[in-house]
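Each chain carries a letter (A, B, C, D and E) given by its place in the written order, and its residues are counted from 1.
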Amino acid sequence: MKSIPLRVRTRAAKSKKHSVQAIVAALFALLVIAASAYTFLVLKHDPTLTDLRGRLLGASTLHPLGTDHLGRDVLTRLLLGGGQTLGYSLLALGAALVIGIPFGIVAGYKRGWVDKLFMRIADGFLAFPDTIVAIVLSGLLGAGIGNLVLAIVIVKWVSYARLVRSTVLSESQKDYIRIARTNGLSDARIMTKHLLPHIAGHVLVLASLDLGKIILLISSLSYIGLGAQPPTPEWGAMLNDSRPYFQSRPELMVYPGLAIVSVVLLANMLGDYLRDRFDVKKEVQP
Amino acid sequence: AQSTDSDAATTAKNVHFLYNFATSSLDPHVDSSYVPLRAGITETLVRLDEENLTVAPWLAESWESEDGQHWMIDLRDDVTFQNGKPMTGDAVKASLERALSESVAIQNALKIDTIEADGDKLSITTTQPFPEFASELVNPNTSIIDVSEPDIVNKPIGTGPFSLTSFTPGSKLEVSRYDGYWDGASPLDTVTFSFNEDANARSLALKSGQVDIVYRPEVESLESLEAIDGMVVESASTFRVHQLTMNMERESIKDLNVRKALDALIDRQGIVDTILLGHAEPAIGPFLPSLPFAPKYDNAATESGSEAAVKHLEAAGYKLENGVMAKNGKPLKLTLLTYSARADLPLIAQVFQSDAKQIGIDVEIRQIDTPEEYMASNRDWDIATYSNLTAPRGDAGYYLNATYHPTGALNFSGSEDPELTAIIDKLNLTVAPEKRAELAEQAANYVHDNVLNSFVLHPSTIVAYNGKKVKNWVSSLSEYYMITNKLDVM
Amino acid sequence: MFRILLRKFLEVFIFLLFIMFVSFLFIRLAPGDPVLTILNVDELSVSQEQVEAMREEMGFNDPLLVQFGNWLLDFVRLDFGSSYSTGQPVMQTLMSALPATAELTLGALLVMLLIAVPLGSLSAVYRGSWIDTLSRMLSIVGAAVPSFWLGLILIDLFGVRFGNLPTMGRDGFASLILPCVTLGLAISSVYVRLLRSSLLDSLSQEFVRSARARGLSEGRIFWLHALRHSLPPVITVFGVSLGSLIGGVVVIEVLFAYPGIGKLVVDAIRQRDYPLIQGYILIMAVVVFVVNTAVDLSYRYLNPEMKLKEKEAHR
Amino acid sequence: MILSIEELSIAGQGRTIVDNVSLAVREGEFMALVGQSGSGKSLLSQSIGQLLPPNLHASGRILFEGSNLLERTSKEMRALRGSRISYIFQDYQGAFTPFRSIGGHFDEYQKVHGEKSSAVRKTKAAAALESVGLDAALLRRYPFQLSGGQLQRAAIATSLLLSPRLLIADEATTALDSVSGHRVLELLVAKQKETGCAILFITHDWRHVRRYANRLSVMKEGRIVESGGKHRILDHPQHEYTRNLIDAAPVLSRSLKSGLEEESR
Amino acid sequence: MIGQSLNSKPTAISSPVLSVGRLTRTYAGADRPAVDNVSFALERGECLGVVGESGCGKSTLSRCLLRIEDADSGSIVLGGQDIARLNARKLRAHRRSIQIVFQNPSAALNPKLKIADSLIDPYEHLARGAQLKHFNYTSRKAYIRQLLEAVELPAELANRYPHELSGGQRQRVTIARAIGIEPDVVVLDEPTASLDVISQGAVLDLLTGLRTSLGLSYLFISHDLAAVHRMSQQIMVMREGRIVDRFRAEDLMAEGRHPYTKELISIF
């Protein structure tokens, strides 16, 4: 292994990479701010105003990203949709984490009947298609994005719980957990202080990618009348609405797609950054 | 990529047809996709003559009734089922009886009391005078099949030009020529009838040459399809209408002037030209203008546009203040239902909402899952986009009864207009076609004058096919008849 | 041994019964009922009285518990009812659609493995290198691109422009390629990242250094020592997502006209075809149970300590 | 001179842990390395096989049979490790992959170093285990099923399996009772006689140093404070620290100590 | 710091702080018990040494005492209460009284926690509010510093992760953690095996000092006869899971020892 100088390089490269990430994030934020300022202060489009004669226009100074199939300004909708989309998907993701992680830790750590019961509950949730959950909820509580979030949480929390459980299962075999137990630490403390740091890595990875999946799920469920009601701008719905123009006007799909990609990218960067912070060993031998 | 039929002369002659709806059952009496009839496996006693929009003989040579209650039907005597058995009166009777027992809706539609078979003759008595009886026999769910066959769901045996060779539920069926077909065997050897519910994928399948005829390709892809040498795109108006259903139980909607205003707000031509790219016809009333009983609406030089709408609203006592349309300080707020199963409807809803916003009407769109269900059980909405078949079998009775009669299953407006109900009741008892047409027209005019519902457009069916290969394709108005014995390849 | 089996069996049975009960309540609490479907009202008209009569006849007006009781009676007789829309026995319908979905899912999993294992491994081993960046980009795009779009692009590329892979239907192996690749690409992103993160953990373990000291090749260390140690989280996520994968293939099934169970059940949900939905949930519950039991067993295989501990507990 | 470490420094995160150390091990020699806990003995030994943790790096030269190991490619190193240089790590629990049986490790080890016959591998493994006083039945066990001492002995058995030229034993007997420890060291010495391999033996146990070492080096805070022949250092320690270290050696009783002194040649 | 009043709790000299009766533990699939019918008593302030060959069941015994593993049969009476069958919740109340230092220090520290956190953890949790006799800390930081000092580690190690320590340093950290909360009984499973002799001596002195000052009792497992001899009042010799010999430390060299004990001594 000529690893000795190489390792130095990866360290240096690493810190550089962090600053690159910071620059990318900052540039992105600047871009968004500039675009919003221009759109909202100068152009002042109404995001729901349709204009059948001005539909599917290409990019122009008036419509920097053109107009959609109903003649609405794409950039305005994209920018306004960001808040909606992000807010709700983050809410759903956060809630799924908040439910899933404790469940997983408790089940994996306590074992026995707690675990068994939990596994069965989880299995039960897994057997339900998300559409059913969503439809039932919307039927019982009324359509609306809040219920959609609820439906997503109901479907999603299980995967986190399961993932956490599996890590906890193997981790709790180790001596340091035994010691913690013999120290008489309360289970709650062992779970939060000793086990939690171990699951962060995998959970962050899964969560940062799930953000994209959740946005897409919102879009597919808004198809059956859940989620944001038209004409509310929402990325998933925009993506779905542009399906017919997939060949004639692919950019209609690309814009919200790119928006989602960049959000997932940022989430991923954040996830990796956090993961590195939890990863005390940092690097592996190549 | 072109498919492999360059040497069509030596290989079997096959046409691959791609339909936009998938079915997992082929039971001709139950399945509402009508695939057995559409694929040329089964036939009905009578068919719709799409040129004259009259009922024409098919498996039945002739039919008659004096009083509209006792019917004599004379069957063709040269017809055999695809298993070789002759189509006798008894076989037809058995088939009809199965249809009746399998489906309440068919019972309703046919209102048959008794059937008697005598050789090639059937005598049928309906439970009440029922002039439309013959036209109801157009319904594909009354297809004549050999009910003695064991597996009707997966392998129905009918009398059509093609017999089923294989069926993959939800995916496709393969049919092959029935040589003993009474109207002359098809020149084709086989037909593949497959399903794909994604419009883009259908267009691409045609482009790739994997299929020859595509039903309802993606409208947006037509331009690129037409650019391909030899590709033919046909569009035909249908008996369908996209309408704005008014909930007559709502206070604001009860006001005729409000309804008129909403009607005036709809930018029909704009929607037809842009959203449907011209593959539709702006609608005035429920019936396609070419139908004999469609009113001419000569007096219907009604102005439309937001100014007209504002005028109507002012007549109703509304005033536009600070950009809000309000009456006695109460702003006009409407809930508009829409659903995505028909992709145009949410778009129409959004256009309507935007136009309404311009004159200060606050329209909230609510997207729902199953419209029939929702509209029937929830009354918290004002207007709804909905799509209706208005004369599927060339007769107005079905639509008028279902939509405007107080007992109608699709009467989501909750309309209980005694005058209109009287017209419909009268229509139900009238036998003579001209008289019926007159009554239907009267009903349609009534609906129009009172804006009981507002009609947006009649969408067209688009079919695209490879004109270099396919011969004799006819786009059917009723969307019943697709694979026929005339269809051929070059 | 027999007693353990019996207990396990009972456990599963009670679990299934419970799931079925919950789903029964759940489905029927959803607004709407299948009467209009049963009555086939698309082009035909029925009166509201008839709708009501039908509702009564089908027992939709009975208290839920009575309905469930009836269902249970049939269930014990292994009668799962017939679909409201086609009249076909539910199990037959589902079972005939299951193979298509199964092959689609398995194919997609294969594609996923072919993508995730090399990409995840390489990006863990060469952490911070260009391949790591590349794999991250790919998985982010994979996580953010809807599968219907991906599918259409693949159809356009490999069905229309270059090559003529079948774009629809289920005719043998060739018609599996595009849908499986689409689905596989769509699901692989999570596994790439998860495998990477897990491998990073394993590669920093002490036993890896010991293996190195013994002169084992890096490949051998990777495949036989580190990889296996990093599998549990990956397998776990696989176990949980299999259920939603089977349900979630519906987009692919529609796009490629692949006659699978996903499309069937979405239609059933739309039409409130209760028996079909119940049948589906039953099958899913069994599948989920089997898969996750297998996943649990695999933990034991991957970590013998757990297996032996378990044995002792049963002593 | 089979191994000669010249001016080796190990540093990381701005800290120099091993500072300019030079050390030589002669052919067939039993070289002991003693010293303060945390002085860098383990890191020094790991750097020989390029096995340092990734956040640390070594500079200087490590000549093994004349060539500088720090310049070797990882492939060349792999050929050396296990067969020519073998290790017994201080963390004996990390010596075995948790989900593999002990026998599996023995088998794999021999296989990758070219032993084709599985029967031979099996008998060799069993013999190796028995030579360190373990029952061959332990081959079927998983690492967690062994006691600490058993694990350590198993680790020793693997490292002796292929008769390396240089054996690096990092506190190889810490988990062993005196009887077993003695037996294992006897085995090491016997092996050394038989194959002529050199042993770099890191330990805290003066008894072992006295009894078995030829030469020794004393380490403190990353530096070697003293090295030389055993007698020279034991009897005439020059450095203050060495003296303290020797004085601190635990002894049972006077009589036992004198007995030991008699024994040492 | 050493030499304050012993223990504020009333100590019944007659009753042992820990007494173990007929403890047996068999691993699944093993042909003989790893711990076989072991009985002994440990007086307050006493150190009981356990020696024996590798694999004789010393660690298993200690794991059973700590209830990390459950013995098949036998009693463990700690402070008057048999903890062998207590459920987890009730057990927790007794946890503080008995602590362990493991044979292998690497696994005993949470790799994701800094040394300071590992140290402070049991203390913050258990001893908060409780008056600790030995460490009269003023703050969290001071407590950690004092503890590290007690085991002769530099204070700067507090901010490192376990994998950044040498084996000996890790072991000292685990010792520090165990004594930090001032238990009644500490089970020391070969605690000094990986320390250099100077540190060994220092740690042993430290342990002895703590024992006398705090009235701790030790079960000192080691294969280093010299260390055991120096530390303990009583010595037990274990072989194949059984106690084969037991005597006062002074009598180590006396006649009449068990042959196995003799072998151990002769090798030394």
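Note that in this section a contact is a pair of C-beta atoms (placed from the backbone, for glycine too) under 8 Å apart; a residue touches a chain by one contact, two chains touch by 3 or more.
Chains and their UniProt names: A = Nickel transporter permease; C = Nickel ABC transporter permease; D = ABC transporter ATP-binding protein; E = Dipeptide/oligopeptide/nickel ABC transporter ATP-binding protein.
Note that the structure is predicted; figures quoted are calculated from it, not measured.
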| Which chains are shared contacts of subunit B and subunit C? | A
| request: Could you pull out the chain whose C-alpha mean position is farthest off from that of subunit E? | output: B
| said: Can you identify the chain nearest the overall CA centroid, using each chain's own CA centroid? | reply: C
| message | With centres defined as the mean C-alpha position, give me the subunit A (Nickel transporter permease)-subunit D separation in Å. | response | 50
| message | Taking the mean of the CA coordinates per chain, how far is subunit A (Nickel transporter permease) from subunit E in Å? | response | 48
| field | Interchain centroid distance [CA atoms averaged], subunit B/subunit E, Å | value | 86
| note | So, in whole Å, the Cα centroid of subunit A (Nickel transporter permease) is separated from that of subunit B by 43
| message | For subunit A (Nickel transporter permease), give me the residues that contact two or more of the other chains. | response | 135, 224, 243, 246-247, 281, 283-285
| note | Two or more other chains are touched by the subunit C residues 31-32, 148, 152, 156, 206, 212, 270, 303, 305, 308
| Multi-chain contact residues (two or more partners), subunit B | 200, 369
| query | Taking the complex as given, what residues does subunit A (Nickel transporter permease) use to touch subunit E? | reply | 174-187, 189, 193-194, 197-198, 278, 280-281
| field | Parts of subunit E lying in touch with subunit D, wherever the complex brings them together | value | 27, 51-55, 57-60, 103-104, 106-107, 163, 165-169, 172, 190, 193-201, 223-227, 229-230, 252-253, 263-265, 267-268
| message | Show me the residue ranges of subunit C that touch subunit D in the complex, using the header's touch definition. | response | 205-207, 209-218, 220, 224-225, 228-229, 302-305, 308
| Can you list the subunit A (Nickel transporter permease) residues touching subunit B in their complex? | 48-50, 52-53, 55, 69-70, 135, 138, 143, 222-225, 229-231, 243-249
| task | Show which residues of subunit A (Nickel transporter permease) lie in contact with subunit C when the two form their complex. | result | 10, 13-14, 17, 119-120, 122-124, 126-133, 135-136, 139-140, 155, 158-159, 162-163, 165-167, 169-170, 173, 201-202, 205-206, 208-213, 215-216, 219-220, 224, 239-240, 243, 246-247, 253, 257, 260-261, 263-265, 268, 272, 275, 279, 281, 283-286
